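My questions all concern the structure below.
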Amino acid sequence: MILSILAATPIAGALLLALLPREAAPHHRAKYVALGVSLITLVLSLVVMAKFDQDAGGYQLTEKHEWIKVFGAYYSLGVNGIGITLILLTTILTPIVILAAFGDRLPDPKSTNAYFAWMLAVEGLAIGAFAATDAFLFYVLFEATLIPLYFLIGSFGGPNRSYAAVKFLIYNLVGGLLMLASIVGLYVISARQGDASFLLSDLQNLDFSTNTERLLFLGFMAAFAIKAPLWPLHTWLPDAAGQATPGTSVLMVSVIDKIGTFGMIRWCLGLFPGASDWASPVVIVLAVISILYGALLAVGQDDIRRLIAFTSVSHFGFIILGIFAFTTTSLAGSTLYMFNHGLSTAALFLVTGMMIARRGSARISDFGGVQKIAPIMSGVLLVAGLSSLSLPGLAPFISEFLVLAGTFTRSIPAAAFATLGIVLAALYILIMYQRVMTGPLKPGNEGVSDLDHREMASLTPAIILIVGLGFFPQPLLNVINPAIDDVISHVGKGDPAPKTPVNIDDSAAQEGGHE
Amino acid sequence: MTAFWCLAPIMVIAALGLVFARKAVHAALCLAVVMISLAVLYAAQGAPFLFAVQIIVYTGAIMMLFLFVLMLVGVDSSDAVKETIGGQRLAAAIIGLIFGVTVVLAVGQTVSGVVVGLKAANGNGNPYGLSELLFGKYVLAFEFTSALLITAALGAMVLAHKERLTTRHSQADISARRMREYAESGRHPGPLPAPGVFARHNAVDTPALLPDGSPLESSISDSLVARGQVRDGFEDDIDKVVEQLDDDEQGLGGEK
Amino acid sequence: MFDLQWLLIAIPLASGLGLLVWGKEGDRFGHLIGTVASALSFLFGVVLFASLLGKDGEDRSQSTKLFTWIDAGSFHVDMGFTFDQLSGLFVLLITGVGTLIHVYSIGYMAHDERRRRFFAFLNIFIAAMLTLVLASDYLVLFLGWEGVGLASYLLIGFWQHKDSAAAAAKKAFVVNRVGDLGMALGIMLMFTEFGTSSIHAVNGAITGASGSVATALGLLLLLGACGKSAQVPLQSWLLDAMEGPTPVSALIHAATMVTAGVYLVVRSNGIFDASEAARTAVIVVGLVTLLAGAWIGCAKDDIKKALAGSTMSQIGYMMLAAGLGPAGYAFAIFHLITHGFFKANMFLGAGSVMHGMNDDVEMRHYGGLRTFMPITFATFGLGYLAIIGVPPFAGFWSKDKIIEAAFGQNVWVGLGALLGAGVTAFYMTRLMIMTFFSEKRWREEVHPHESPRVMTWPLIGLAALSAVGGILLVSDWISEWLEPITGHAEHEELAIPAIVLTLIITVVVLIGVAAAVFFYNREPIAAETPADSSVSIFARAGRHELYGNELNDAVVVRPTRHLTRFLVWFDGKGVDGFVTGVADRLGDTSQFLRKPQTGYVRSYALTMFGGVAVLVLALLAVTLA
Amino acid sequence: MNEYITLSLILFTIGCVGVLVRRNAIVVFMCIELMLNATNLAFVSFSRQNGNLDGQVAAFFVMVVAAAEVVVGLSIIVSIYRARRSASVDEASLLKS
Amino acid sequence: MIATFATATDLPDIAAPDIEYALLAPIFIIAGAAVLGVIVEAFWPRSSRFLVQTGIAVVGIIAAFIDTVWVFQDLDPVKDASHLARGKIAAEGALAIDGPGVFAWGILLIFGLLSMLLFAERRLEGGLSGFTGRAADAPGSAAEVEAIKHRVEHTEVFPLALFALVGMMLFATSNDLLTMFVALEVLSLPLYLLCGLARRRRLMSQEAALKYFLLGAFSSVFFLYGIALTYGYSGSFRLSDIDVAVTNRSDSENMLLAATALIAVGLLFKIGAVPFHTWTPDVYQGAPTPVTAFMAAGTKAAAFLALLRVFFVAFGGSSWDWRPTIVAVAIITMFLGAVVSISQTDVKRMLAYSSIAHAGFLLVGFTGAYIGSSDSSRVTSTSSILFYLTVYGVSSIGAFAVVTLVRDSGGETTHLSKWAGLGKKSPLLAGSFALFMLSFAGIPLTGGFIGKWTVFSAAWSGGFWWLVVIGVLVSALAAYFYVRVIVLMFFTDPVGEGPTVAAPSIMTTGVIAVAVIVTLGLGIIPGPVLDLAQHAGAFVR
């Protein structure tokens, strides 16, 4: 029940906002209502976290009701370690985004209610998608998230927003519809083998012929690969992120796109382990291409938002690489990466968004020497940037390293090429930072003021989490690990054993008795 | 079979005439030929009732309706020779040929040869057999053809019937009104001058000329004015008339 | 007590972070807090080191696990530290020299409005560097490794308003990242091979693995070391890094951080011992860098860059020593320590000179400063004597041992090292002459003066250490001290007696000095840098840092830039172009397909009739098929 | 029997082509009537072949339907003619693409 | 010849036909309401005739609907059927009152009711209905002005629509081809007439009527010839007899195939499948919008039922012959509908092409030809199409209802450019339209999604998984133009003053509200309706 409440709270908040009278005054009630609702959701998610038994593994806090009998679709929710991590990410980011979006200048000042209502809708649907344990329910929520994002991009973005919105929607819809074909196929196959059911637990027991499994896998994978932009299906992201407001970009890249990678773990690996294994060489190659390609393109961007979008393409490459390397290490890394990337990208998008709003331009070449007049902003940007380039000591490093280390045990070339990405990451972040923040103050930037208290309040949690998780990732990893073990054992791929194993206990003893 | 071989060529020719006749009336007549020939073929195939209905309903009623409408639209109306849509005729011919050859070869020539014949079915007479079906098996369809007929009647009413919106005035009413108007406003009670009077042309679109040579607008039908079909350029004509009159005067003067 | 060794790191880290977060109110005391934190760390380090001295050989490695850092899947890393003979020495060096430099910086940075932040960065650097040396796991080491990289980045680019500083900082970071690539891959390889990245475990188990693994690991770690220690081919960032404030150059780019590569090699002695090839690579890298750095040092007129070249060269010595295996590890560390003293001393001296010369770094604008800055001159002079290896100063002992060991390995290597010693003497003498001797070539409005005491005291302290640093070698203490870690080295007998070799070295050094005096004291030194065309090809190459940047540009930077441009084009026109192309074609198709909708009912009928024909034919075709 | 069906098909096809090439709406409509008549011929012929009267009933229904259709069709044509003073189907082409 | 005319006296009596009035009551109620309407037309005073006609139509439809529900519940399961089937053959075999058929009655009546409410809307034209006052007047003539002045109205539209509704209901349940033909005409003729009765843009309206009529007649002749050939092949019009003949396969197979093709032509014409779709855009655009709504929803539903019935019951035995061709038609229809709508600039035309695309999707479900089995409750072709038709019909009536409200001085403004910025002007209305568009696009949480899902699953069950893939790709294509409309309404600034939104009466508002609720409701809890559709079972033979 608690999961339903968790998902329903933001939705209810969105409806409430839709019903509130539209105001044009500078102080909108809507903003505070939205913030309040998102904070309540955050508290609820913490309650969920507290109720979640870290050691037990499996799906917990489950609930199940028959939904559409003919289809065998159930309203069935439950979280495992992976799901709860991403739910937590969602509930943490939404208040941050909403608080940061207080200052967004909307094309139509009367649309504030809609703006925040859509944001809450995104949150609710995303939570639902992360918690769904029924393929049909998942699909519905997965696709439904497109609508609020579509309106968020299309109504509130930059001058080219409607193009970006349509591109976003169509791209994702193509993927989603291919997945629909697979969902339909699952139904037919499940109905042939007894009563139709979309429950994850039932679907996992289906017998597929090899070809069927591969085809169904491809349908799911297409949707997820577009959502978590995998080269060459990524081109919607830079356009969308380049036009959307920072808050929208955060929700899109940090939360919604995660449903793609999350879906790969839960649905691709969960339902089609054989096909996933079959496809893994290709996916790994594409992931590595994504990593390098996204990074190189980020280097070549002049629009800050597009740059961040391309960094995300690169990062999603890492996540996907980790998933399809099929080791506990890489998979745990990928899961953690989803969380960390969410935080770091959120920080990046938000702080650059504030910068861009002040300057009135997103072109890197329009900036210069900003740090002199806005040192705090510069500091935050640097921390966010460093986290994006996976500096050790910041959260993304751990996940990136786990992905690479895990991949290395499976495929040295893939890991080696992927590791090149860390050099390029340094390039794209530092070049951007250098050109924007350092050097003499460029004319036109005089009006860029430093962050105010509200903005700092919105960014601080993200920064604290980025630093904190860099040193203490274990609370999350403890939650993730049992779920990862489940997945890997389901896929039937154990970790490759070390070639020259070291008896850790012995060596620890030798190191001196100060355990 | 004799009837068939006699009539078949006639029917085909008549049908082709329907396609090729320039004048709509000719086409209608061709169609009538086909229909009557068909009626004969019906009779030859054991369908005497249909023979009658074909003559009465089709040739009698339906064809008449067609002809009425043709009259309404203009008996002389005929298609222009030039085809407006490029390639239409050629395409129609080719597709028609393909379709015709296909169905004739594939269907017409492969109909199973076994003919049961209607001896048994027409045992109690053809109308009886038909009515048995009509009021038995197909009674529902039969009933619902009434819906068709009502629809048709309703449709004709809707599209063609103009309901009178004002009460009809009797002749007495009208003359009384005219006289009253004459009394009140001095409006001329008599008929308006006919167009073309004292004009160069006596066409309806040419206004009558007053004795001073100026045109009388009211002599032309309102609808022509509304459509802008009043003959223009008549001022020029008047000039010519004036010229002519001048010439006459001069001529007269010359005589003086 | 060793359980508390994390305090070594935590004190400066807390201070650093606190100073950053603390607002403007912290400006008044920030520098003091930073200095105190560093000093506290030093004192604690001294205490720990002293208690280590009191223990038996086996107990001198004190490990402590703080918490489980990462435990994901089969990957397990503890946040653990090891205080042993090697890291103990480093702790003292880092915190000791670091504290002196903190003190110096109080004066040096007195007029900088962002001084608080400078101290925060210094503190963070100290913490990261200590993490690096104390780490008992390669991944923790990597944390420190990148931490110092970050601190270096922040400090090089401290004067961000200068474009050159920002660019140098970025360059340092990016080049280091290339090295990190090696480090990271190395750690992954360890994980794959051994299932752990504990330094102790890996070095212990390496003998069980195949030789190629050891070689691969060695080379990968060497790549990391090259990046951090500015060894060829990743040397190019170091000279640019001189854009940072001088104390930074002293602390990070002379005394401590850049020697991390040497530390890494020594720390990973197990791996390098297991692979001849890897060691050879280290030697080659060391030797090449040694000579290249010296060469550059000869040609630079910028005092800091000359010193930076010298640093490269000296680290080359250390690398060379480290590559010699057990015979050289201890001497590498020994030279590292003495170098830390004298090079920090000289950098700070250079800073002092610049302080007096309105931040001018051009030696051609100096001259005759010995009378105006006596303390600086005296301390710098001691450092000079130490670096060129004049007995009995610190450098003499350490360098002598390395050259000796090099001859033990291979005559050519030995000769190279020897040549380096001569060149070192040459360029350092040149530097001394151009700065402190010769005639005044000052710019207008320059009034050279001695620096305040807060700056000179650290100079005096370091000078003293430079003078007496050789004491560590008394009765081979350093070798024995480190032996549990580096392993015992069999003394190889040289072809000639050691004392003769020492003499030869001294002679070579003197020749170098003489040559410099000959060239630079004979006629007045031009106040303007001679044009490239008027100097020898050697000088020209040296000035251009042996064309390292140009090479990088040609081989890496420009191709990457072109690739990036191509990819941007390709992404727009190719990948996205394909998608938009499909969309456009659909639009065209749409326009095309709406054409038959002409509005003429007869053409509709024609379409239908055509459809009928096709449908009939299609269905009839079924029977044919 | 073949010949009746063949005749019916030929008439049907001619009707089709007529619909396609004639422009006067009334003539077009007459062509459709020709097609209906051809169909009736088929019905009647098949009726004889099958030996039941269902086909003849069908032909009868077709006639009734045709009557109704003609009324509706002609009234539409007349109303168009009133508006446009033309019964050409080609002129009614406002709605397109 | 004389012999055939026997004297009447010695002939046996003709047995009175047995008609199950209780089962057929819904049809008779509507037919009665229509006839009553005609009578009212003749005798009721003009002043209140409109209200009375509206009342008769609405009450009649509601009564029929209630009766339909009752009939549906009382359908008896067919014994010994290989598949779950309910109902029986009625009216001397003319009609099959079975689950799908009665379900179709239900949705047809709902469509009829909603459309009648749109017919009855009189607030938009200043107290006059959307139909021309006097159709006999030439457009733009003085007589027309006079008619408007006198506020005359054609209240005949109600009985006409009811007749069409009767035709649709008959069409959906006809069990023999002859009844089916008559039903086809009963449903078509009133629609031909209704199309030409628009108040505004009368020339276009008349043109639409002419085109619809000529093409409709043309197609029905093909249909009829198909019937003739079928009759020639099987000797009967009864679907079950044809099935027997088809299953036994006599030698003249060519005739069967040609018959199948020609019958398909007539039915495909009615559902607007390519290449028999050409009338759709023109007629949808030209016809009065309420009529378009009625036509779009009702005709498609009725024709699909007939199509299913003919092809599953009569030609089920030769499904391997016709399925490949229908697959091709389905693909082309989906594709063409989706692609051409991209470049449309008129809302009604765009909706017309969208309806073509939907016909394609429905055909996808149809070609699956999955008729279920008695031991599985898997979605069948029939139930999927029934569900899809429900959703599509209600959504499209809602969409057309919205179209009637967006106006300028010349009446409805259907040019898309005039719709720019509608979302700012009237968020609720634009939101409803957006919802319908999303439903058409098949976005989850709308009924359209469930509909798509069901037809695709039916196709897959029938073995056409690749057709499903094509289908989803085309849906993505189709989504593009729906999305474009949303862009236009919400993300684009209005040109000039922008559109005006007329304030409708409760009737149009109610229709839109119902459509919104149904569209959303069927998206979120489709279970009940799906169960009903599934419960309807297979066709009775």
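Things worth noting here:
Going by the order they are written in, the chains are A, B, C, D and E; count residues from 1 in each one.
By our rule, a contact is a pair of C-beta atoms (placed from the backbone, for glycine too) under 8 Å apart; a residue touches a chain by one contact, two chains touch by 3 or more.
On a predicted model such as this, the values are computed, not experimentally measured, just so you know.
Any chain touching subunit A that also touches subunit C appears here: E. Graph distance from subunit A to subunit B, where chains that touch are one step apart, equals 2. Of all chains in the assembly, those touching subunit C and also subunit D are B, E.
At the centre of the protein atoms shown, by the Cα-centroid criterion, sits A.
With chains reduced to the mean position of their C-alpha atoms, the one farthest from subunit E is C.
The greatest centre-to-centre distance from subunit A, using averaged C-alpha positions, is reached by B.
With each centre defined as the average position of its C-alpha atoms, the distance from subunit B to subunit D rounds to 17 Å. Annotation: 79 Å between the Cα-based centres of subunit C and subunit E. If you average the CA atoms of subunit A and of subunit D, the two centres end up 65 Å from each other. Separation between the centroids of subunit B and subunit C, computed from CA atoms only, is 102 Å. The multi-chain contact residues of subunit A, meaning those touching 2 or more other chains, do not exist; every residue touches at most one other chain.
In subunit B, the residues touching two or more other chains are 46, 84-85, 88, 91-92, 95-96, 99, 103, 106-107, 110-112, 122, 126, 132, 137-138, 141, 145, 148, 151-152, 155, 158-160.
Across the assembly, subunit E contributes residues 135-137, 178, 182, 185, 189, 192-193, 196, 210-211, 214, 218, 229, 232, 254, 258, 281-282, 480 that each touch 2 or more other chains. Of all possible chain pairs, the ones that touch are A-C, A-E, B-C, B-D, B-E, C-D, C-E, D-E. Interface residues of subunit D, counted against subunit E in their complex, comprise 5, 12, 15, 19, 25, 28-29, 32, 35-36, 38-39, 42-43, 45-46, 49-52, 54-55, 57-58, 61-62, 65, 68-69, 72-73, 75-77, 79-80, 82-84, 89, 92-96. Across the complex, subunit E meets subunit C through its residues 210-211, 214-215, 218-219, 222, 253-254, 257-258, 260-262, 264-265, 269, 274-276, 278-279, 281-282, 321-322, 324-325, 328-329, 336, 339-344, 477, 480.
On the side of subunit E, the complex with subunit B involves touching residues 1, 4-6, 11-12, 14-17, 19, 31, 34-35, 38, 41, 91-95, 134-137, 142-143, 146-147, 150, 152, 154, 156, 159-160, 163, 166-167, 170, 176, 178-179, 182-183, 185-186, 189-190, 192-193, 196-197, 229, 232, 250-252, 254-255, 258. Put simply, subunit C touches subunit E in their complex at residues 583, 586-587, 589-591, 593-594, 596-597, 599, 601, 603-605, 607-608, 610-612, 614-616, 618-620, 622-623. The residues of subunit B lying in touch with subunit D in their complex are 4, 8, 11-12, 15-16, 18-19, 24, 27-28, 31, 34-35, 38, 41-42, 45-47, 49-50, 53-54, 57-58, 61-62, 65-66, 69-70, 72-73, 77-80, 83-85, 88-89, 91-93, 95-96, 99-100, 103-104, 107-118, 120-122, 126, 129-130, 132-134, 137-138, 141-142, 145, 148-149, 151-153, 155-156, 158-160.
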